[in-house]
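Note that the chains are named A, B, C and D in the order they appear, and that numbering of residues resets to 1 at the start of each chain.
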Amino acid sequence: MMPLVLRRLGMALPTLLGVTLVIWLLLSLLPGDPLAFLLPADATAVDRAKLATELGLDRPLPVRYVYWLFDVIRGEFGFSPFRHRDISELIQNAWKNTALLASFSAVFGLVTGITLGTLAGVYRGSAVDRFVTGFAIVGLSVPSFWVAILLLIVFSAQLRLLPAGGLSNWAEGPGHFFSHLAMPVLSGSMVSIAITARVTRASIAETFRAEFVDTLRAKGLREYQVLMHVAKNAVSPVLTTAGLQMGFLLGGSVLIETIFSWPGLGQLVFNAIAARDLRVVQATTVLIAVTFVLLNLFVDVLQMTFDPRQKRGV
Amino acid sequence: MALTAARPAAETAMAPADGLGPAGAGESGPLLQVRDLVTEFKTRDGWLTAVNHVSYELHRGRVLGILGESGSGKSAMLRTILGLQPKSTRISGEVILRGRDLIAMTPREREDVRGSWVSMVFQDPMTALDPVFTVEQQLVETIRRHSTLSKAAAAERALELLEMVQIPSPERRLKAYPFELSGGMRQRVVIAMALVSNPSLLLADEPTTALDVTVQARVLELFRDLKTKMGMGIIFVTHDLAVAADIADDIAVMYAGRIVEYGRLEDIVRNPQHPYTKGLLEANIRPGQTERPEAIPGAPPNLAKLPPGCAFAPRCSKVEATCWESLPTLDSIGLSHGVRCFVATREIQNAMPVAAKGA
Amino acid sequence: MAIAEPLAGNAAAAWLASDSPTRPESYMQAARRRFMHSRVGLVALAVLLLLVVVSVAAPLLTPYDPSIGQPAARLRPIGSPGHIFGTDEQGRDMLTRILYGGRMSLIAGLAPVLVATVIGTILGSLSGFVGKWVAMLIMRTMDMFYAFPAVLLAIAISASLGPGLINQIIALSIIYIAPIARVAEAATRRIVVAEFIEAAKLTGAPTWKILFTQVLANIFSPIFVYSSGLVGLAIVTAASLSFLGLGVRPPTPEWGFMLNALRGTIYVNPWVAALPGFFIFATSISFNMLADSIRDSLDVKE
Amino acid sequence: MTTAPELVPVPTEDHAETAVYRRPLLEVVKVSKKFPVRVGPLKREYVSAVDSLSFSVDHGKTLGIVGESGCGKSTAARLVVGLLPIDEGDVIFDGVNVRGPRQMRQQGPAEKSLRRNMQMVFQDPHSSLNPRSSVGEIISFPMKVHGFPKEEQRERTSWLLEQVGLHGNHASYYPHQLSGGQRQRVNIARALALSPKLVVCDEAVSALDKSVQAQVLNLLKNLQEEFGLTYLFISHDLNVVEYMSDTVCVMYLGQAVEICDSEGLYHNPLHPYTRALLASTPVLDADAPRIDVPPLEGELPSPLNPPSGCRFRTRCPAAMDVCAEMAPVVTMPEPGHRVACHLYPETAETTVDPDFALRTIAAREPVEVAV
């Protein structure tokens, strides 16, 4: 199995390079004049040239990419003129908050989704199945930011039960802590619940159709024992989707964090976009994308342990 | 051979575990009686009768070959006996094994019967085993389901079973995953799993169809051994007359969900009466054959759209007007021989006016 | 087939007649028939058609201008006289803005999927059919785009291109090319191993001819099913981009941006603020239900 | 631009007679094929699917290839028709050396005529017909590729349908509306659309119900008689191959182990594998003469790592020391009966032309390799 893991790691490297390249190209080449925002309106040509040299903009493209990449690897993202702070410092603070929100959302979304999907898959065609299927299609179609606003309207504006935004830390007591998390987690994980439930249901239903299930029943196994077998066989697509869900959550954090004033990466991106502070957008995007690639890598390796073929290195 | 040696151990191992109580009456009569079994599936176009009023008996130590082509209801019939049909299936009739009616049992009782009184071997060994568990895990769980053996003892018994079905280097195979075994070996594992608690009835659904002929020959040999040395009754479903002739004592020929002819192997092979059975015999290419086989025209029927009357009428060379109008009954035409055909019954009655009539 | 002509009998004749359909139904005809029997699909289709009609006919249906408000009539609640859906923070009629906004949302949802389907199908089927280095090149590039969370990539692309409807469509098109190419490639790879492709090769037909006559018709269903399922998602994603200010420029009405603009008024006029979101949701779920019905009618396994 | 060369019914006199001085229609000479298989994360090994296979088929005759799964018979079929590139060896069709897909993609007149003359009937009645095309479209596709006029395509399609025992109305049917036997008839009609000389049948009846199988076998025989077709008939069913073929080639693990006329093979099998195969085939009549040999022991060895010497030795009841050391040469212990086994050592009488070891007819003239 180990060689397979290494092979998978080897495959992740080009992907990582590609991801960074795409972001770098997008945000340092496409927009018109990268200096326009950094220079005062009355800057002279000499000033421009000086700044360009300072930022390394006069070097050929591949060289610029390599320099940038090494900076990124060292955690050097440059300076944000708008926030007057080092970007890495900005990111560091935001990162913790986003990780907190995303992991709570992921756990909540996956647990709920897998539970619902399993129920629907086991009781195919029943009322439970119809409810879950219906719920899943709603969850897939509903914009998370609208759910967030609805929750705000109901629980903050009308009932005044939950705080409208901001985050709290554990020291302020669990009640306080969770009251700040509740709405962001709920609205953010809606899509995850829906997709996970759908994939789990499909995978379990599909596995139940497999011929070996007949053998298991013909052996006289109890129905719960049969389900154990089915579950182990059905786990692979669920794991894959779990990895992708983390991506949805990280990407979706931009919206949720903005609405709930959650000081994370998402809010950072939102504010940076509004200010056209592209270096911050670039840094944050790279960070989220790399996290996503690594998470999927982790999921893939985890998956190998469920597949005897890969375990035996075939 | 290992078969005889393994038997006493197996009996002591399984006896106490199943909550089925003592086997009821009928121990002295036939092992299995199927009476008027009907299985109907729900489809887009309404109900479809896969098994249509099928009745037969099976005795201990005998092999009943069920012969039929695609859509003849042979597999559906086996699954109905074991209760493996989806919930939406409509089932009526009786399946009496060791004095108990399997159809009338609660789902929980049926779970107890499966694997202990009656086991099944499936067609495709490539898909019949759970791919993510080792052979040992799958055997041990089956053994422990039907006995009170400890894990270690069950593992020992698993090894014994693999030896019994003649798997080479069984210790190594126990630790293997199904994908690491060849088709023939997998089928032996499936058979071993079916033998865990010495069932009195073994259902085999085309167990050799997916195998190469040299492997098939050895698996058939294994089945013959099981029959003679363990004394179980076997229902062996196949589409291949030659395979049936190789293993079966009695044969029932199914067409479109109904039994159209039954009898001892010799009756069917040497003295077939139903035009379909005759056609199948003709169509089978024999070794060294040079003359053209006489083919049955047409194709096996679509169960959703059966013709009125005899289902074989559209393909039959002896078809008469009555065949299209009413369904012939399954008439007894000898001690153990029966046929469902107007023409055949009439011809036999004409030849032997005193022959007993009626089913 | 050479069936022995039966010895007459009306029953026989009737059965034989029923056994041989004179005009067999093609795959597409069967799919259409099945779709016409799916209630959910028809309702969803009706809702969407209605939406298209009213948003196109918006100028005929409402007397108000979507961009000009009456400061005196700000933040009217739902059901106010003259403003059934109330008014927004600038006193503009919400119904009018919703109707006009529908145009943007529908275009922003449909156009990228359409573009991505065409490009993704070409890339995917080519790579699935030709294989070797072509597949390597195309699919590795696709993998790179796949390695991003989709929304994030859309944000990054939009951010670099700048706001505007066209840029938004470009951004969304790019993020959907990779998944569609994957579906197309997988479907093509399933088809190219079929024996009828070997039969076509044996005739000596050139590759492009096999691709067009034998492969495309067979990968159409899975791709169409996948793409139609993306429309609902694209509408939500497009709205998210507008919500973040990466879509159309104000004062052009667009549901996502309207939702953002009204966000501040939830304490004053909550249900009007929720309206644009409801329409995004209704459109998206209608597309998703339509897609589900289409999938069932085409009988494609997920 | 071209008109269809009709499938002309052959004159009634025995065409084998006239073929005496013609070279065989198809000659396969020492053809080998290896497939790469990934065995580890970075390691790649080669499976030898077909190893130095040689045979030939005369005009109007049938050569049957029989063997169990993994013996390379389907690969052999694809090598012959050019669906797979040949690694080594030659396929000589009608005196022209053809080397596979490269020719197939070229569009010159020589290649076109080659494509016309070699067609294939496939195994799987489901995947061999395009589910989105009607029967008419399926059968006329080869004619369309070869530029037949529209009118002729239509006429010929209905003529072909009639030839394979279908009704003209079936042209508007779609594959899923046909039974397995009917689909296989369409499969055959498509193969005949370009009036080929050679038809390769790859397990053409294996997927059919037994009662339908005989219909299709009869159809194939009728067509052969009527149009003088040459068949390469591949199946795992020894009885069917024997019945269909003039000559039978038995394959084991990618190699031909025995080639003989079908009667000789049935009455006097020489190779231990052929004997085992015959003994394993279930028979209906209990009193039919049977070869009494024990069923084969052991497992099929991995084709990744075939046994040294004779590939069959690990399961052979007659294995000797020499079998592990060297591969047996092909000998001809009886006239026209070739076998590759150490039980039949090479002597002056049994030796065969080393270059065309397994050809059914001794080489009459040197092969000119064209193209």
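Observations, loosely collected:
Quick note on the criterion: contacts are C-beta pairs under 8 Å (C-beta built on N, C-alpha and C of every residue); 3 or more make two chains touch, one makes a residue touch a chain.
Keep in mind that this is a model prediction, so the values were computed, not measured.
Of all chains in the assembly, those touching chain B and also chain C are A, D. Relative to the C-alpha centre of chain B, the farthest chain centre belongs to A. Comparing the chain pairs C-D and B-D, the larger number of C-beta pairs in contact belongs to B-D. In this assembly, the C-alpha centroid of chain C lies 49 Å from the C-alpha centroid of chain D.
Distance between chain B and chain D, defined via averaged C-alpha coordinates, is recorded as 35 Å.
With centres defined as mean CA coordinates, chain C is found 24 Å away from chain A.
Per-chain Cα centroids separate chain A from chain B by 54 Å. Along chain B, residues 297, 299, 315 each make contact with two or more other chains.
Annotation for chain C: residues 1-2 touch two or more other chains. Residues 78, 81-83, 101, 104-105, 107, 111-112, 114-115, 118-120, 122-124, 127-134, 138, 141-142, 145-146, 165-167, 169, 172-174, 177, 179, 181-182, 190-191, 194 of chain D are the ones touching chain C in the complex. For chain B in complex with chain A, the residues that touch the partner chain are 79, 82, 84, 111-116, 119-120, 122, 124, 127-134, 141-142, 145-146, 177, 179-180, 190, 193-194, 196. Remark: chain A residues 14-16, 18-19, 21-23, 26-27, 30-31, 137-138, 140-146, 149-150, 152-153, 156-158, 202, 247-248, 250-252, 254-255, 258-259, 269-270, 273-274, 278, 281-282, 285, 288-289, 292-293, 296 touch chain C in the complex. The part of chain C that touches chain A in the complex is made up of residues 140-141, 143-145, 147-153, 155-157, 159-162, 232-233, 236, 239-240, 243-246, 256, 259-260, 263, 266-267, 270-271, 273-274, 277-278, 280-281, 284-285, 287-289, 292, 302.
The touching residues of chain C, when paired with chain D in their complex, are 1-2, 20-27, 194-196, 198-207, 209, 213-214, 217-218.
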